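In the two assemblies presented below, chain A is common to both, partnered first by chain B and then by chain C.
The block that comes next holds the complex of A and B.
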């Protein structure tokens, strides 16, 4: 599996947990309702949407569930299933809220945890409902049958174009933000090209940068579909989109750390390199005790050095988060670019090195599968490329995430959102102004739970199999962690939190690969211990998260 | 005479409920104290039970504990090094518990409530630590030594939660919501810390369940049948057990209605008298406890004296209760621990300080009560009682899983809130919850055993919605 495929599966999880945590953020971050049972809605959403796309059950095949509407046209589709799941979880969230929402916050937390445990137990023990304690399997995610796509057909070209649309629109939106910052790079010119001239002129007509990004994405999608149908230029489009993505990512990193001085940059790079060195005992020795003790000792030394530096030197303390961030970026960079080519580099295989670099650079396409289109490139040799299903799924997920995020942002900035925050801050004031907090709290529960249900539907799609463990309380804990890391009540922060959490998870999953299978459970448990400790540190030192509470305009007194 | 077939019924569910309630109560005591005095609704409390249950494995099955296995000779035997390790850990555990009560000054007797020369106090503490260490080492790998070891170690570890985590957050004026989330994070760390060491496999204790009893051998996990008969001429009870496929009667007790009425009347009179005698005293045995003790003593004395008789041929109502000595032992252990706690709260300086802090912390501080010591005591008790409950639970279920304690968290919270967040209320509430769990499973058709916890939770929900201050009534 190429490194870019790892990144794609990481992004899928970020999208799912981003939506789940946005739901919790509506409840806790914006309204102050501490829902320890958020995972219950995730569970219901997942099972509901799966039951809509499953074929009818067959007791002879040891499947047994209450409905299976997969054979019904229109109803038995993912779109319909997820819509129903979202509405259903919203309604259940409201029903749960009606009697319980008046309880004081510790009782509310216990009660909602209890309700989620009940949901889980019902799924586990009612064998007629959804296969009882056994896994619910036998469905496939939407449009999977189209893959690997045939770029010569209209359907294939449309699927390909959809992915191009999402990537192009996201990249363009990001670039439009970047070009407003002071930069020595010719970002305006790049923006003009990638928006097909719209960016400089049509902003007034189209209204916002997001509209421009959308239209630019649409144009890019149409063009790429045309290129595919006319000449099967899969690789060309893939390279173009990949390069565009790289430009945006590198500019983003460059701008983010532009304010750092040289010694601060060196410190960040040193931190990232130190992290890499600390992990070296794992691949280098086969003796488990040596590698575990060595790694832990080196990590301990690194953490101590960092702690010593931020407590002793003021200039380090000023950039303590930037150092970690830069170190992480550096670490990821080495992992993405350098580590995959170490093997061929060691054996002096130049074309192998270049081939690996090329495959990882063109992240938009999957290489080396049996199906796909063959190309012959100078130096690198023959490659087979295709747009695989996971990238298509990622486009769908990102589209959902973007849409929900936009709707939520609009909602929290509306008068409705202001009332929610007022309830969080002081309920008595809201009451005195003639608004009933009860109504708003129930509405907040409905919206948050519906988002949880939506995320559950995506999870069902992603995991392709559900068990009652889907409703384990750990998931609520992770959603809370994500909300707190980014910033309570800050939707952008929630997305950042989801990215950070899953980056940590992916990194540690890769590390677990160095341990014998018998010890994997222990290693994976240990990383949850680390997550817990990090959570405590965040809660203690940064209770407002990395991005802090977002200051929304009051809408009053501004003109 | 043929013996009529007797089915288990409501009475059996009730007896199960009392066993479940005993374990829930042991856990809930610590939870209630921490909630009441420490102001933390501690979501990590369930995982303390898990921690206790797994710690006992170090003594009970040392060979199966990763890392520690190198000091073991086989699954249950321990080398000299291993024994030394267990001794040192127990020794440090006991002194650690004392240390939590106020540092070096506590070791010198600062918490005793009476003035004693420091040397005497230090000597006593060290002696106690040595005794516990010797008991653990000589008892290895027996279940009781494992229990003692787990209780001491967890009792010393749990207060660290307060001093390393919760105290710091409290110093920053953290809100209740924040403390809730912090406790959830601590729960995560404890649960997966245990899993990091022990892995994912399900474990169990190895316990020699036969003990010499009245000249024979008694298997404490082996169920005995208690058959109750209500007939026209009276009430009788016979105890039986299965041996080699046949049911053998062990003992029979039979009472005519006149005898029953007489015992009840005597018990009532004695109870009223005892209540009058002890009520309005601040002593260890108050009015209600005295009345309850009077009833128990009367029933035992009367029941033994009037026992002779035989089983009726036909009965209006007959029901069977399955109970093993282990289950009875759990109930008695819980009662004994509650008695100890009651004594601590009523008769010692520390206990009085705890009650005063619970009533009004600011006033207690003004009056010169060392509230930090009270806080640490609360956490120590949470650790001691919680680990005891965890080990007993692991023995009763005969398997240990990582979710052992978390599964009991909701029933414990239900018991605590039901009792209005105070220790005595929590004990009562826990028995209500335990009974509701078992009777609910028995009485509601189609409800499988998986629903035990939801049933406990429904009780809590109803109480919260109808009478949020708890059944005992708040202040």
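The block that comes next holds the complex of A and C.
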């Protein structure tokens, strides 16, 4: 698999769990309502939106469920389904809050856990409701029928432009942040080009640099749609967007670790390399006992060396997280970029190497040949260039995540958010200051649950089938882990937590690939144990998470 | 002058202990009333009862002639939430019953939904009325009193330890537009201008209390005396009518105590009413217009500072002999 496909599927999950965890963060992080039943709203959101896009049930086909409005235009679409799901989960969140909200933190958590289990049981066991206990399938994600899309048509160009818009806006927003931290690189010039001359001058007019990023994305989308329709320059647009994305990512990584000294950099690289070396026994020997024991021993040695270094040397302790982060970047670079090239290179397949390199560089597009196999660019005449559906879905999901994040930040960076944080801190004070904590707690539950429902809708879209596993209590604890890792009450931290969690999942899934199929299941199941241990470690050593509580000074109205 | 707070035959029991036992006194508008008495006399409990943080077992408290229990009726927001929830629940049941149970189709289903919602909202309103009409129903919503101008501080200071000093103060003003969720999205301009104003007020208050150098510190990092000051600043930010201060100068240094006393007197002259529990006799004797001495849950003596200082019973029970 090319690194681009890995990143896209990874980003989809990050978006879903990011939204889910943002919802939990409103409840727990900001207001202090520990909701162990957050997944209940995820479940209701997933089933509600799925039921709206499904066609009417057909007992002859052994399907049995309510609603089923998929054949009705407008109402039976994903947009409508997810909006209904979001509102419905918000209302249910409010109703659930009414009798429970007066409970103390721990009792509240247990009660809500119970309520979520009731939701799950009802959905699974009521056969008329949602095809329980069987899976609910038979729907497809929005617009999937249009893909693989031909960018030369109007529909294709519009879909293409939408994806360009999202990617371009995100990249430009990131670049505008990076530009302020660094003057050594010619970022100003790149920024001036990618914002089409709007640059810093338009910031005052448009309000903020994020508005500039949005406008730049819009311009890029319009231009690329024009290029596609007029001259079908798919490859040109794809290359431009991809290269822009890579520049932003590489600059971000460079900037993040720019403060490290040479020996600290070496340590990070050494850590990443050590990780690679530890995995070597797996592909090298077929004897399972040898490879597993060897890998575990090497991993143990690496962890011990790291632990020894951070406890013995002060300069290492100062950069203990940076070392892991840099090691991970190094590891990912070798694993996904270098190793896939070395294989074909060893067998002398130069065009294969170039193909892989090109596919990684132009991550925005997917390539297939008319023959259906091979990705060689040497025969560019035969190669079909496609906008893959996953890229389109990525744009949709990132757009949702970005919009919800902005809406949520607006709500909590305000006097409203200040009251929520005061409630978390000491409810009696809030009462003595003339604010009704009950009203605020209910609102917090409504917002948080609605976000959970929205995430459920995206999950239904992503998974294309809801089973008895959907809405299992462990999902709540994954969201809670994400909140704790990133920083309780810190929305930015929650996004970081979601990225880290899914990076861990991705890495361990890859690792499990080395094991024979019979053992693979066990390895994947064992991950949950590791997640639990990590949870404990985070709670013990970093109770405030990686980013900690955000210092809200409520910048609103600051002169 | 009229009594803005009238306390009549107040009773409060905890298990076998009667903390407040028939206390009766009044607090004049625009005056400073000192509340003193030995430990366990029921001063703080009286404060809790007056400020609505606890419910009395008997007796009444009147604020501006109105019974405290009536002032603590549910707020409009609370009624909307409960009434709306009842309507939604009953409406959903009605709609499902109409479609699935009676087979009425879409229009009929909507009709039963509306009927159900109406019944639900009506049920909520009805039970509210019954509850209010019932003898001896109690409301405990201290925030309703704070909204109407009756605020308190705590003896053991309660800061929002995780928030900054500035934020602690900015939380206090009543009726901020940005406290409404819809306004945080739709009226950001209004919110921003109001926020700037509140921030200005808070900075002024911090300057006055000599806390401006720690304005961005977390309140949890402050010393005990600074916390007392912050708490005083917080209630002043509400701009109330009656302020109940529970040991406001305990742990505050003498020069600042002097300043605070001046400030309280100035505020009194501007028309604010104070009731102060304090063990520092110099402060209480200099500051108070009236002093109420409590002992064993009841009012022992009530009078001006000169009378109190010479009262035999008070000297026996509390002041002691020099």
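Just so we're on the same page, the second predicted complex is superposed on the first by the 535 of 559 C-alpha atoms of A that agree within 3 Å, B and C clash if a C-alpha of one lies under 4 Å from a C-alpha of the other, contacts with A are read in each partner's own complex, and residues count from 1 in each chain.
The criterion applied here is as follows: a residue touches a chain if its C-beta (ideal position, glycine included) is under 8 Å from a C-beta of that chain, and two chains touch if they have at least 3 such contacts.
The structure displayed is predicted, hence computed values, not measured ones.
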{"item": "Chain C versus chain B on the shared chain A, clash or fit after superposition", "value": "fit"}
{"item": "Included angle at chain A between vectors to chain C and chain B, based on C-alpha centres and rounded to the nearest 10 degrees", "value": "70"}
{"item": "Touching partner for A:286 - first (chain B), second (chain C), both, neither", "value": "neither"}
{"item": "Partner chain in contact with A:118 - chain B first, chain C second, else both or neither", "value": "first"}
{"item": "First, second, both or neither for A:431, with chain B first and chain C second", "value": "second"}
{"item": "Which of chain B and chain C A:525 touches, first, second, both or neither", "value": "first"}
{"item": "First (chain B), second (chain C), both or neither touched by A:61", "value": "neither"}
{"item": "Touched partner set for A:34, first chain B, second chain C, both or neither", "value": "first"}
{"item": "First (chain B), second (chain C), both or neither touched by A:477", "value": "first"}
{"item": "Least Cα gap, in Å, left between chain B and chain C after the two complexes are fitted on chain A", "value": "12"}
{"item": "Overlap of chain C and chain B interfaces on chain A (superposed complexes)", "value": "none"}
{"item": "Complex interface listing, chain A residues touching chain B", "value": "32, 34, 36, 99-100, 103-107, 109-111, 113-115, 117-118, 121-122, 124-125, 473-474, 477, 480, 484, 518-519, 521-522, 525-526, 528-529, 531-533, 535-536, 539-540, 543"}
{"item": "Touch list for chain C against partner chain A, complex", "value": "51, 53, 75, 77-78, 81-82, 85, 88-89, 141-144, 146-147, 151-154, 158-164, 166-167, 170-172, 174, 176-181, 183-185, 188, 191-199, 216, 234-235, 238"}
{"item": "For the chain A and chain C complex, residues of the former touching the latter", "value": "91, 94-95, 98, 407, 410-411, 414-419, 421-422, 424-426, 428-439, 442-443, 447, 549, 551-554, 556-559"}
{"item": "Chain A contact footprint on chain B (complex, rising order)", "value": "41, 43, 66, 165, 168-169, 172, 176-178, 180-182, 184-186, 188-189, 192-193, 195-197, 199-200, 406, 410, 413, 417, 448, 450-451, 453-454, 457, 460-461, 464-465, 468"}
